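Next come the structures, one after another.
After this come two complexes, each holding chain A, first together with chain B and then together with chain C.
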Partner chain A sequence: MLITGIKSRPVYDELTPMASGLIHLAAGQGSGGKALVRLLRAMTPEQLAATTVLYSTESFTGQNYLIDLQQFKVRDLAVFPTNADAVSGLDAYLATAKMGTRLYLTGSEGFIGTSMQVATSYGMNRDEVLREHAGSFVRRVWCAHCGHYSENVTHRIFECPGCELNLIVRDHYSGRLAAFQGVKADSEVPGEMPENEELDT
Partner chain B sequence: MSESQHGALRLRVKRIEAVTPEINRYTFGAADGSWLPPFSGGSHITVLIPADGDTRRNAYSLMSSPYDTSEYQIAVRRVDDGKRGSLAMHTNVREGDILLAGIPANLFPVSKHARHHLFIAGGVGITPVFAQLEELSLKGSSFELHLAVRGPEHAALGHELKERYGERVTLYGHDGESRLNTMDVLAGRPLGTHAYVCGPTRMIDDVVNSAHALGWSDSNIHFERFEDLGSTGDPFSVTLARSGAVIEVSPEQSLLEAVEEAGHKLPYLCRGGACGECETEVLELDGTIDHRDDWLSESDRATCKLIMPCVSRATCTKLVINA
Partner chain C sequence: MTAISESAAFKTDETYTPEGKYQFRNSPEGVRRLPFPFPDDDYMYSMNLEPHVPAGNGALRAAFDIDEHYVSECTHRAQMLSDMPGVHYLALPHMLEAQWDLLELIFESYARDFPEHFTLTKNGNEWRWQNRLLGIDDSFTFGDPSTLPMDPMEYATRQAQGEFVVLEEKDNTLVIGAGMTTQRADYSLKFNLGMSFFEFHGPVPKLHEMGILDRALKFLLRMKPGHPVRRVNWSLTVNPRLETSVETLPEWAPDRATVNGENAGEKVYLRIELQPLHRLPRSNAIVFPVRTYLVSLAELVEYAPDWAKRIHRALASLDPELVDYKGFHRYHEAAVEWLSRHDDGAPLATGYPWAPEGIQPGGN
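Entry: the complex of A and B
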C-alpha cells in the first residue's frame, strides 16, 4: 500500500466480509481481482450464495483474475469488457438493491472513485462500503478549464485531450469528482513550464 | 429576535390544549412579542419549570413548524410518579404565564443524504416528528410515518398528522386492535432509507434490533428516547474538586440538579444522557458508577473515569469529580 502525503486521497481498506450485511455486492477491476478472490475465500457458503460479483477485465497492468473468480459458487458473476461498463452494471444493480446490502470495491483509484460516486447517489453510507486499492496509482484527472476527465495519467505535466492546454496535476483529490485536479501548467509565466516528473504510480 | 436572559428565553404561554387524557400541548410566544430563535426539525428546548419551590429543567421537543418562529409548541405528558416537572406543567402553568427556556438544540436532526425517511413513533414520542415532517414536506422529500398509540383516546395527534399527510401516515392502536410490526415496516426497503424512532425504550430497542436483523448499518438508524431516564435512586454525595464543595444528591434529583441547587454550574445541553455536553472526569471513586447515559462507550463505562451528571448516579462512599 502506497503511502503518500496527499491528505485528500482516500484512505483505503482491506476487503473482508461484512458479517452484518445480508446481501453482498463485490465489484472489481483488473488487479483488483486478487482482492476479490481473497474476499470470496474468506466468506461462508451462505455469504457466497448471497454474493454478486461484477468484474471488469480492463486493466492498466494487464492482470486478469477471471479464471480464479469463476471457481466460487456465488449467486452471480457478471463480466464486463471495460471499467465504464462495470460501473454502469453497478448502477443498474444498486437501482433495485435493498437495505442490508454491503458493497466491496477494488481496483484502480479511478474505478473505485467512479463506483463510489454511484454508491453515494443511492445513499450508501461509508459503513456499508469497503474499498481496497489494487494495481498502479495512475491518476484520474479533471481539467479545471474544460471539465474533461482523463484516465490513467502517469506524469505531472500532460496535455488535456479536451482543451489541449498543458496541465499540471495537483496533489488534490476530490471525492465528489473522483479525480485529481489539473490546472494550466504555465499560467504564471506563459511558456515557462514546471519540471515534469513521473507521478507516484 | 427575542432577547434572552442569562441565556434563557422568556416565553409567554399563549395557549394550552388537552390533546389526550395525559398530554397537553403548549403554544409559546416570545414574552416581548418578537421572533424566537430559528430551529430545525427534531430540536428540543429545556423548559425551567417552577415546582415545589425548586426548578425542574425538562427537555421537550419542538413540534411546531421550523418555518414559523413566531411561536414554539411542545407537548407534555403528565407523569404522576416522576420528578413532578410534568405534573407542575399540567397543574400550575396557566395561559399568560411567563416561563424561561433554553435556546433550541438539535440532537435528532434528519439526514441530509437520505433517499427516503421512515419514521416510527410511539405515544408522545411523536412530538419531534411533527417538526421533522414539516421540514421534509416543504423540502419535497420522500417520507412516511408509522405511529403506535394505546387507544382511540390517545390518537388525536396521529389524526392531525393523517389529515396533513394522508397515505404517508399509518396509525396503529387507534382502533384498539391494529399493531405495529417493526420487521414488516423495515423489510425490503430500498438503499438509502433512513429510519428514525422516538418512543419508549422497548420500541427503540425493537426497531434497532429489527433493523440490525435486516442488515441495516447503524448510520441509517436514528433514535431519541423521550422517557425520563429517571435519575432517581439511592442518595450519595459528591465532592467538586475545584471548590472542595461536598454536595448531597437526594433520591429525587440528579447529580446535575443537586450541583445546580447548591449554586454551582456544570455544562449541560440535553439533560437526558444523549449529547455528551456534561461529560465530567471522575478523579476519585470508592464504589461504582451507575451509568445511565447513551453517550459513553462500553470501555469508558468500565473504567469509571467519566460520568454524565445529568442522568448517572453512584453507589459509593467517595466520589470526587473534576468540576
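Entry: the complex of A and C
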C-alpha cells in the first residue's frame, strides 16, 4: 500500500540573492530564520535597502531568529505570530508588488507550499522564486476522504481531525494543494493497521 | 461486421455500483473485441506507444471506441457527478480553448465512426449535435460557452465512454489542466490537478529508473494534431466497479479481502485501459483519454480461452513491486490459482491481438 521514493516532493534550493531582482521579498518561518540571516548577509547594501522581510515566529522546533534579523538595515521587517498570518501578509505584499520582484521562501514544507500557492496565484514564475527548506520535514496532509488539512504531521499513521479515520500518509505531494495525501490506513481490512513509523522529520 | 455487432444491443440496465448490485456482464462478442493488453507471457512496462490508426473490427476500429456498455456508462457518469460534485470533473480556468478542442474531437470522431448513432451538423460556428443513443438533439455556438448548459468538456464527456484528462504544455512538460474522471483507478483528480508529467507519475514504481518517462515525455511533446498515438495499460479490480477513486477508497478497498481461489473467476475483473492520445489543434494541449473495459476472469475463460491462458502466465510471473503498486497483493495468489486450472501450457502467439500474427481470443 505504501509507496516510497517521493518523485512529486519539491526539490528545494538554497537562498542566495537574485541579481536580476529590483525588489526582494523574503518570507520565512521558525528555523527558516537562519537561512534568511544567511541571505541578508550575502546582500549588498543596495539590495538590503530594497528588501522586505516577513518572519513568522511560529515554530515546530522552537527556533526563533528574530533578534538576528533585526540587525539588518532592510526596507521593512514585518513580524507575524503565526505562519497563516505570514502567508496572508505575503498575499498583501504581492498584491502591490511590481515587476522585478524576487521572492525567497524558507521554513517548513507546509509554509513554503502555502506561500507558493499565493505566489502562483499572482502568476510568479519558478525562476522568480527560491525556496529553502528548514527545520524538520513535518508534513502538511490533505485527507482524501473529508478534505481536511492537517499541519505538522510527524507519523506515517495519524487520526484525521476532520473525519476521525486513521490515515496513512502517502509519499505523494500536490503543489496545488500544498500537501501530501492521506488515505484510510485500514481500508482493506478494518482494524488491520500497517506498521506506524516516524516520517522523515 | 461492424464495431458493434448487430446482436449486441446497447444495454441500459447495467450498474457499476454495489447499490445497483453490479448488474454488469459482457456478451461473447463484447469480450472478443477487447484491446487485450498482454502481448507476451511475461509482462513488464514498456512505452508501447504506436500510431493510433484503425486496426481490425474491434475496439481499435474507431478513434474513440464505444461498445454495448455506452448507455449504462453515461448513466453511471451522471450519477457519480451528482453524488460527489467537484471531485470527478475539474478544469483550471485557462483551459476553455482546450475544452472546445476536445468537444470538437469527440463529436467529430463519433459522428464519423458511428454515423448510425451520432450526427454533427455545422453551419459556420452554429453547430447541431444529435446523439440518438442518449436522445439528445442540441444546437449551440462553437466557442461560446453561454450556449451550452455546462462547460464544453463536461458536456461532451458526459456523452462519451472513458475518462479524459487534458494536459497543457508548459515549460517543456505536460501539466494536468482538466479532467473528467468518474472511472479513475486509485488516484485523486483534485490532488493531481496542476501536476507535471513526472509529478503525477511519481508513485509508479520503476518507470523513472527505467528512463521510460523521459522518453515518453519527449515523444509526446513532439506530437502533432491529426497524428494520434495509443497505448494500452491494465490493472485488476474486484467487482465490475468503475469508480475506484482515492476519495472513495474506504468503500471499495474491503472488496479486495473477499476474493478466494473459488470465487476469483467471478469476482476478479481485468481492467483494460485503452489510451488514444491526441494533440489538440487550437490550444496545443494533449488529451489523454482512458477508455476502460471490464471483463471478469470467468468471462475470459468462457469466451476467450487463449487470453485467459495468457493472463494466467503474465500474472504468475509479475514483478512483486507491480503487484503491490497495482493494489492486488491480497488476491494475486487466488487469481493465479483460479486461472491455472484453465491453462494447459500450450504455446501462445506473441503480439497484441490487433497486430498481424498477434494473440487471438481462441475458442469458438
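Basically, the second predicted complex is superposed on the first by the 197 of 201 C-alpha atoms of A that agree within 3 Å, B and C clash if a C-alpha of one lies under 4 Å from a C-alpha of the other, contacts with A are read in each partner's own complex, and residues count from 1 in each chain.
Just so we're on the same page, contacts are C-beta pairs under 8 Å (C-beta built on N, C-alpha and C of every residue); 3 or more make two chains touch, one makes a residue touch a chain.
None of these values were measured; they are calculated from a predicted model.
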Which superposed partner A:98 touches (first chain B, second chain C, both, neither): first
First, second, both or neither for A:145, with chain B first and chain C second: second
Partner chain in contact with A:21 - chain B first, chain C second, else both or neither: first
Touching partner for A:181 - first (chain B), second (chain C), both, neither: second
Touching partner for A:128 - first (chain B), second (chain C), both, neither: first
Which of chain B and chain C A:191 touches, first, second, both or neither: neither
First (chain B), second (chain C), both or neither touched by A:45: neither
Chain B versus chain C as contact partner of A:62, first or second or both or neither: neither
Interface residues of chain A shared between complexes with chain B and chain C: 126
Interfacial residue positions of chain C with respect to chain A in the complex: 171, 188, 190-195, 198-203, 205, 208, 246-247, 249-250, 253-254, 256-257, 324-325, 327, 330
Chain A - residues contacting chain B, complex: 20-23, 94, 96-102, 120, 122-128
In the complex with chain A, residue positions of chain B that touch it: 113-115, 186, 188-193, 212, 214-220
List of chain A residues in touch with chain C within their complex: 1, 3, 5-8, 126, 142, 144-145, 165, 170-177, 181, 183-184, 187-190
